[in-house]
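Shared chain: chain A. Partners: chain B in the first complex, chain C in the second.
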Partner chain A sequence: MTSNTSTDLRQAAEGHRPSAASRGVYEYVVLSAAGLFAIISLYFVGSIVWQALPAIRHQGLYLLTGTSWVSGGATPALSKFGGLSMITGTIETSLIAIVIAVVVGTGTSLAINLLLPSWMRTIAATTVELLAAIPSVVYGVWGMLVLAPLVISTVGPFLNSLPGGNAVFGTVVAGQSLLLAGFVLAIMVLPTYVAISREVIGAVPHELIEASLSLGATRWQTIWKTILPTGRVGLLGAGALALGRALGETVAVVLVIGQVNQLNFRPLQPGVTLASWIASQWGEAIGSDQMNALFALGALLMAASLGVSFISTRLVSRQRSLVNR
Partner chain B sequence: MTSVSGITDPQFEDPRLLPAAMSLRDVSVAFHGRVAVRDVTFDVPANRVTALIGPSGSGKTTLLRSLNRLHDLTKGASVSGTILLGDTDIYQGGIPTTVLRSRIGMVFQRPNPFPTMTIYENAVAGLRFNGVKKKSVLDAAAESALTSADLWDSVKQRLNAHAATLSGGEQQRLCIARALAVEPEVLLMDEPTSALDPISTKRIEELMVELKKRVTIVIVTHNMQQAARVSDLTAFLLMGEDRAGEQIEVSPTLKLFSAPEDQRTLDYIQGRFG
Partner chain C sequence: MTVTIKDAEIREHLRERSVATLRRRTYISGVMTALCWLAITFAAVPLVAVIYQLLRRGIPVIVKSGFFTTLPQQPTIFDANNTGGVSNALVGSLAVIVYAALFAVPIGVLMGVYLAESTSKFASLLRIITATMVGAPSILMGLFAFEVVVQQMHVGFSIIAGSFGLAVLVLPVLATATEIAIRNVPSTYREAGLALGAKPSTTSLKIVLPAASTGIVSGIILALSRAVGETAPILLVIGGAYAIAWHPNQAASALPFQMFQDVQSNYPSLQNETWGIALVLVGAVFIISFAARLWAARKKKVQR
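Moving on, here comes the complex of A and B:
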């Protein structure tokens, strides 16, 4: 192989390479790049798992079920690293985000594809796409400075004034909360959801829409009974893709969630997510056993993201094959 | 009955003398100002099959879709002239399109059952759109519509199977059942057999002849034998100078295929163009 390559190079230098040999070089370069990429990916995953192993060995199931996070310092045997609050916080914020994004995003996609006059379609579509271009720290700062006061002054008191509001939503203390994090995440994943759901809705065969209308269905019935059911698998896929993004979002969440390691289930209470905890603890953890525990949380987050993204790809391609019969 | 030149059959009845289910007066359809069909005028006889024939692009589909206002969805489409359903002007008469479309059903070129619905749900979809909720009513309607569409016997054991499990011909008959369940007065069919094999085609042709006892049928076909086999009245459309479809001749089918009035009709049915 080496000698072949050097021959090729010599011929290249002489300016008359045969095309078969040049293709050989080209393939070699492409294959090496692909191989390198595969090695880097494996190394990436492998080193995270490797770093997580000591924590898994020492903490065991406590990593998933424990709620204290204390470092034993010089005596690692005293360390307790429980990730339950981060896990529940991640699930709660992501669920809030996905529910909001799916409801608002599906409506937006229907409006852009079917309901708005054409000059407004472009404006609406561009606006949503531009949301994706805003750096996440901007969302975080905006959430912290603009929305958090609003949660204290308006949203929180309103939710608390509902019957049973305190029990369900918790009492508003600071604006930073699971709810605010979920809301900011919803806006951040909206462009992703809308991009896929627009494609899904746009791919619902026109002949089905016509079939529906020709039976006397109204426009709303056509949307509810024909378009959304036909696209439901793809819309689930879009939701899963958005969920994958919400799970891993870090910077914005750190700024709006309150960052307290507490097992909270009420949306107006503060909390923490896997990603935000890893980012905020990193500085003090380097070189200690706490670092291994953070790697374990990272591995969990990675597995969840990969799983969700795999599911989303499967759903979206199942939708494609459904409508392209 | 009346004497029509070129017809000697004593059983012959001129469908043009029957009561009209729909009437078209100077109907034109344009897309973005470009005329696709121009000045079509004829009556659709009640409880008969009317065929629209003509070469590809002569505006058959376009004309058919003006009859249930399906062009309302198409940007840039405009329909002019007058179309009556009975005495009601379907564009100017104030009849809601949802009501209109439950009185004028449609079957499309490619079978298009709702893929996420079962056979049963497809059959009753139109009734549900129209607000029928009672299970006994829906059940009875499903059986009756599927029976009318010659499908009941083969699906009664698997009403909860998905529509996609049916063959192409069965799917098309399900679409016919779906349209019939709403009990429309008129059934529009746009080349309903063009995607089907000969046996399925024959079944649907026989079905049309049976169905006309209760519903008026307008069928688009580019298959002249089909028009000759199933229809009572035939309208022949042809593109004019500016490529807009024009009505060349509307005659009783028997006459149109044996002694057409227009030379261009003769040329077409003898396969000289199209």
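Moving on, here comes the complex of A and C:
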């Protein structure tokens, strides 16, 4: 908008429309930087898909439905690369993470916007932001050396002692498990979710809140019937953004999930995710057909996370235009 | 008469009911409010817990003599506590981030300027690409860096390959930060420049960019300080070396890389050393981002 008005002003002053020839060196330099990034992005997508193609050709659907991961070594025809455990593991850990992050994050954003005295709001918001400044490998180390023993000694036995606990959660093998990975991921994506949801909740028009309160609604009724419905598109976008982060997180997951390639649906048992499998198999895969299979998992991860990320940006900007209207 | 009695009955009944619902509504509201308080407490617990562990277990490691200045040692069963230091990882981390910055900062800032100033179709397409790339998983940057630098450029496992992965990771972040900083400059600045007869490029370079410089610089610092702690983009391509290396073509180690390796070792002494590295990483990120924010806030005050 700004540059529009200023360009109009300039055009009026000079009395002619700017042509391509009136672009100076500066405009070209800036444009070429932008063009370079566009090329890098295309090349990024292209090169990962390109390296994935041989594996897709040889393994076909087995990449999505198979569960064994065996390298044929010198005879690539014997190689079997199935990604089902990684796909389910990614979905399971991300779901656990997103459920925890959305529940805790929404509560946190509500508390920051509606409950805390104003001088504490910035402090609380900065504290949550600081969670994002801690590198993911630190969370991984913390989860592996501090939380995993806790799962063995306390959390696991407790969940197993619940009625039907063994059947639902599975027995504790090591502390490293799908549940622990989901929990650590929840902490890691919480700042992402809170940053957006805090903005969304803060942008709910005051007239709406006041109208609800003046009709005699309690604080919770105002939250549940007015604030959350007004912000639901944006909150959905925030959740999708956090989901995108959870899908692709690598090093922390490698350290807390146990890295066992098997199909597991019980949260206390170990598993793998797409990203963690790429990182842990990389050393032995380089230069072989296994590397292409890892690129294929990467391509799958890329499709999922870029899709989720694209959707979330759309949702968040739609919420912004809804409120600003 | 009967009608009035009925009225009174109804009124009484309604009053009782509304008192009951009011009591129930207030009760539910109280419980849910308490749950919100619980949520914000729960959100703060991990931060406190992580920092507590970092200080408790990390400080004894970093005060050990030679932690910053000696090369890592492989512990043996005869000398299980001989872990050495992290000098190579320290140098490696600095080298990786410096090369990444040399590549990413100019392109990212210029691209941010384009995003902020252009209203073309390409600009809005690029904005979508940028927002999508910000959410791309960092392990994919590692795969990309391997394909481009290690394979196609035949450089091999090296510092520059890691820098490339980090650069691609921070480029969209830098561009977005620059775009926001420029958009925060009041439009009157630009209009004043144009009204005085300055060319759009001159206005942009001499008026708008200086006014936005504080935001741009603090954006760069924040993005780069976060990038230092990233493991996944460099994990696949940096090679890992037990010697000090800073030449772009050399394989090297880096602080997060060494943490990731050490914590998976079987020696408790090596696992324990990761707390020291973690303390250094987190401490550096916190101090740098705190200083950048403080600096930006003070500059803003002076400008007003």
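The rule is short, and it goes like this: the second predicted complex is superposed on the first by the 300 of 325 C-alpha atoms of A that agree within 3 Å, B and C clash if a C-alpha of one lies under 4 Å from a C-alpha of the other, contacts with A are read in each partner's own complex, and residues count from 1 in each chain.
Methods note: a contact is a pair of C-beta atoms (placed from the backbone, for glycine too) under 8 Å apart; a residue touches a chain by one contact, two chains touch by 3 or more.
No experiment lies behind these values; they were computed from the predicted model shown.
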| item | value |
| --- | --- |
| Chain C versus chain B on the shared chain A, clash or fit after superposition | fit |
| First (chain B), second (chain C), both or neither touched by A:Q221 | both |
| Chain B versus chain C as contact partner of A:I257, first or second or both or neither | neither |
| Touched partner set for A:I112, first chain B, second chain C, both or neither | second |
| First (chain B), second (chain C), both or neither touched by A:V272 | neither |
| Contacts of A:F37 with chain B and chain C, given as first, second, both or neither | second |
| Contacts of A:L208 with chain B and chain C, given as first, second, both or neither | first |
| Partner chain in contact with A:S305 - chain B first, chain C second, else both or neither | second |
| Residue contacts with chain A in the superposition, chain B compared against chain C | C |
| Chain C versus chain B - closest C-alpha approach in the superposed model, Å | 5 |
| Chain B and chain C footprints on chain A, overlapping residues | 218, 221 |
| Sites on chain A touched by chain B in the complex | 118, 205, 207-218, 221, 225-226, 229-230, 232, 322, 325 |
| Residue ranges of chain B touching chain A (in the complex, touch as defined) | 68, 70, 73, 75, 97-99, 101-102, 105-106, 108, 110, 112-117, 125-126, 128-130, 164, 175, 178-179, 182 |
| Touching residues on chain C, where the partner in the complex is chain A | 25-26, 28-29, 32-33, 35-40, 42-44, 46-47, 49-50, 53-54, 106-108, 110-111, 113-115, 117-119, 122-123, 125-126, 128-140, 142-144, 147-148, 168, 171-172, 175, 183, 187, 190-191, 194-195, 197, 199-201, 203-205, 225-226, 228-232, 235-236, 256, 259-260, 263-264, 271, 274-275, 278, 281-282, 285-286, 289 |
| Contact footprint of chain C on chain A as seen in their complex | 2-7, 9-10, 13, 24-27, 29-31, 33-34, 36-38, 40-41, 43-44, 47-48, 50-51, 103-108, 110-112, 114-116, 124, 127-128, 130-131, 133-142, 144-146, 187, 190, 194, 218-221, 223-224, 241, 244-245, 247-251, 254-255, 275, 278-279, 282, 294-295, 298, 301-302, 305-306, 308-310, 312-313 |
